[in-house]
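Here is the structure we will look at.
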Amino acid sequence: MKPLADRVIVRAAAAEEKTKSGIIIPDTAKEKPQRGEVVAVGEGKTADSGSLIKPQVQVGDQVLYGKYAGTEITVDGEDLLIMRESDIFAVL
Amino acid sequence: MKPLADRVIVRAAAAEEKTKSGIIIPDTAKEKPQRGEVVAVGEGKTADSGSLIKPQVQVGDQVLYGKYAGTEITVDGEDLLIMRESDIFAVL
Amino acid sequence: MKPLADRVIVRAAAAEEKTKSGIIIPDTAKEKPQRGEVVAVGEGKTADSGSLIKPQVQVGDQVLYGKYAGTEITVDGEDLLIMRESDIFAVL
Amino acid sequence: MKPLADRVIVRAAAAEEKTKSGIIIPDTAKEKPQRGEVVAVGEGKTADSGSLIKPQVQVGDQVLYGKYAGTEITVDGEDLLIMRESDIFAVL
Amino acid sequence: MKPLADRVIVRAAAAEEKTKSGIIIPDTAKEKPQRGEVVAVGEGKTADSGSLIKPQVQVGDQVLYGKYAGTEITVDGEDLLIMRESDIFAVL
Amino acid sequence: MKPLADRVIVRAAAAEEKTKSGIIIPDTAKEKPQRGEVVAVGEGKTADSGSLIKPQVQVGDQVLYGKYAGTEITVDGEDLLIMRESDIFAVL
Amino acid sequence: MKPLADRVIVRAAAAEEKTKSGIIIPDTAKEKPQRGEVVAVGEGKTADSGSLIKPQVQVGDQVLYGKYAGTEITVDGEDLLIMRESDIFAVL
């Protein structure tokens, strides 16, 4: 599957819902950005000038993104997220 | 029929409303993006710089798009969708 | 009458309010895009770069446009619509 | 009086409140665009690129504009309208 | 005092609150644009392209501007208005 | 302290809360722009074209700015304001 | 961790909640900008012209930023902030 423009497909890392000591974190404590792995990257966004702005992230990158970023899609039975590169904060 | 600018005409794939085991999925579980096939593509959007930004999708592409993307049109008795290319998330 | 910039004048096709079998379609079933014929086209929009972006539609084109697109005008007693070219979805 | 940038001064045509057969049209039927004559035109809008975008209308043009376009001004005791050229739909 | 960018300082003309026949105009009838004299002009606005867009108005111009345009300032005990050039409709 | 981009640091002049005759001005009469002295200036804003737009104000300029412009900061125990250059109306 | 585009990671300085004389400052008095140290900087934002606009801040800079700027992230158990460079007011 090839994302269009500046979109990126991300496999979310499983949320760690227990702390090391085994205490379950309540929902309100889990609003921080999410981690995931980039599994597909679009060719980039075409700017008004006509130039193609290539994405900075690459397939395999571990990334940090906003909790509510992107749209869920199902590929071969697996739940993935498709989002714009601008929804990604950083590469780990 | 020729879409204008960066518009694309898509034939929606029939929704699979039953799972393999034959269980009917209720409506609230079907909010995910839709699949479809591109049947016509516009010439592209003219940027402020005057340059033409050509679409990345092609006729025949299987695409994924937002559930509420586009406008329904009827061509030769068939219901199709006309949307902007930016409403398309990915090519399968 | 000469539309300014990227405006287009369209003569709406008469709505077909009966199906072939003679059944009257209720209002709620008629929200789909409308067909019409282009009767006048502006010279185009001047972009920020100073370049003129010429319209893609031509006089005589049969076009599809959003149900609520444009403004009604009366020319020589005839009701026409004036809209921006971006309100037009496709050329038939 | 010289309008600035892309502004245009228009003398509104007197509204025809009676039909030919002499029937008075109620207010709700008069929401269509208005006609008027261009009496002054600005030098044009300077785009971000620094290029001057010259108006397409000229003094003396009969124009069609939105019912609520522009601001009323009084010049030598006469009520005129000053509006942006983009408020004008077409030249008659 | 030197206005910055595309700002202009205007000395408002005294409002004529009586008609020639001496009748006092109530407030609701005075919502029309205001006249004034330009007393200072900025060097212009720098566009995104880096080019400087020079103002079209000059010191001494009699101008027409929106009733609620600008901000009141006091210079040497005199009340003046500072506004953007785009708030000025026309030069008289 | 070096402001970023098109930001400017201003030391507000003490408000003159008494008129010359010694009458205290109530709060509602003090909504006019404020005077201050520029104490630091950023390098300028980078436009979309990539060109750097240098500020027009300089350290030491007496400036006029909107009453609610900027954010209060404390530098070496002194209360200063940091604002964008566009919040400054004029140089005195 | 590498921030994307014009994002910056900042380690907030501990808030000084007591004045020198030991008086605790109530919450409402602590709305001023925050100080912190830049610990990572993105490569910059790509403008519409295709040119890369490099950040002005560098790793190690002491910066001042808005109280509500950025998103909290946890790196190696430490709470940091990731924000856009435009959220930073000044370099100390």
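Labels for the chains are A, B, C, D, E, F and G, by order of writing; each one numbers its residues from 1.
Following the convention adopted for this analysis, a contact is a pair of C-beta atoms (placed from the backbone, for glycine too) under 8 Å apart; a residue touches a chain by one contact, two chains touch by 3 or more.
These are the chains along with the protein names UniProt gives them: A, B, C, D, E, F, G = Co-chaperonin GroES.
This structure is a prediction, so every number in the text was calculated from the model and none was measured.
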>> Taking contact as defined at the start, I'd like the list of chains shared as neighbours by subunit D (Co-chaperonin GroES) and subunit G (Co-chaperonin GroES).
In response: none
> Whole-Å distance, subunit A (Co-chaperonin GroES) centre to subunit F (Co-chaperonin GroES) centre, using C-alpha means?
Replying inline: 41
> At what distance in angstrom does the C-alpha mean of subunit E (Co-chaperonin GroES) lie from that of subunit A (Co-chaperonin GroES)?
Replying inline: 51
> Just how far, in Å, is the C-alpha centre of subunit G (Co-chaperonin GroES) from the one of subunit F (Co-chaperonin GroES)?
Replying inline: 23
>> Among all residues of subunit F (Co-chaperonin GroES), which ones touch two or more of the remaining chains?
In response: 47-49
> Can you list the ring's chains in order, from subunit A (Co-chaperonin GroES) toward subunit G (Co-chaperonin GroES)?
Replying inline: A, G, F, E, D, C, B
>> Show me the residue ranges of subunit C (Co-chaperonin GroES) that touch subunit D (Co-chaperonin GroES) in the complex, using the header's touch definition.
In response: 1-5, 7, 9, 40, 42-43, 46-50, 71-74, 82
>> If we count contacts the way the header does, which residues on subunit C (Co-chaperonin GroES) are in touch with subunit B (Co-chaperonin GroES) in the complex?
In response: 32-33, 47-49, 51, 53, 56-57, 64, 66, 85-86, 88-92
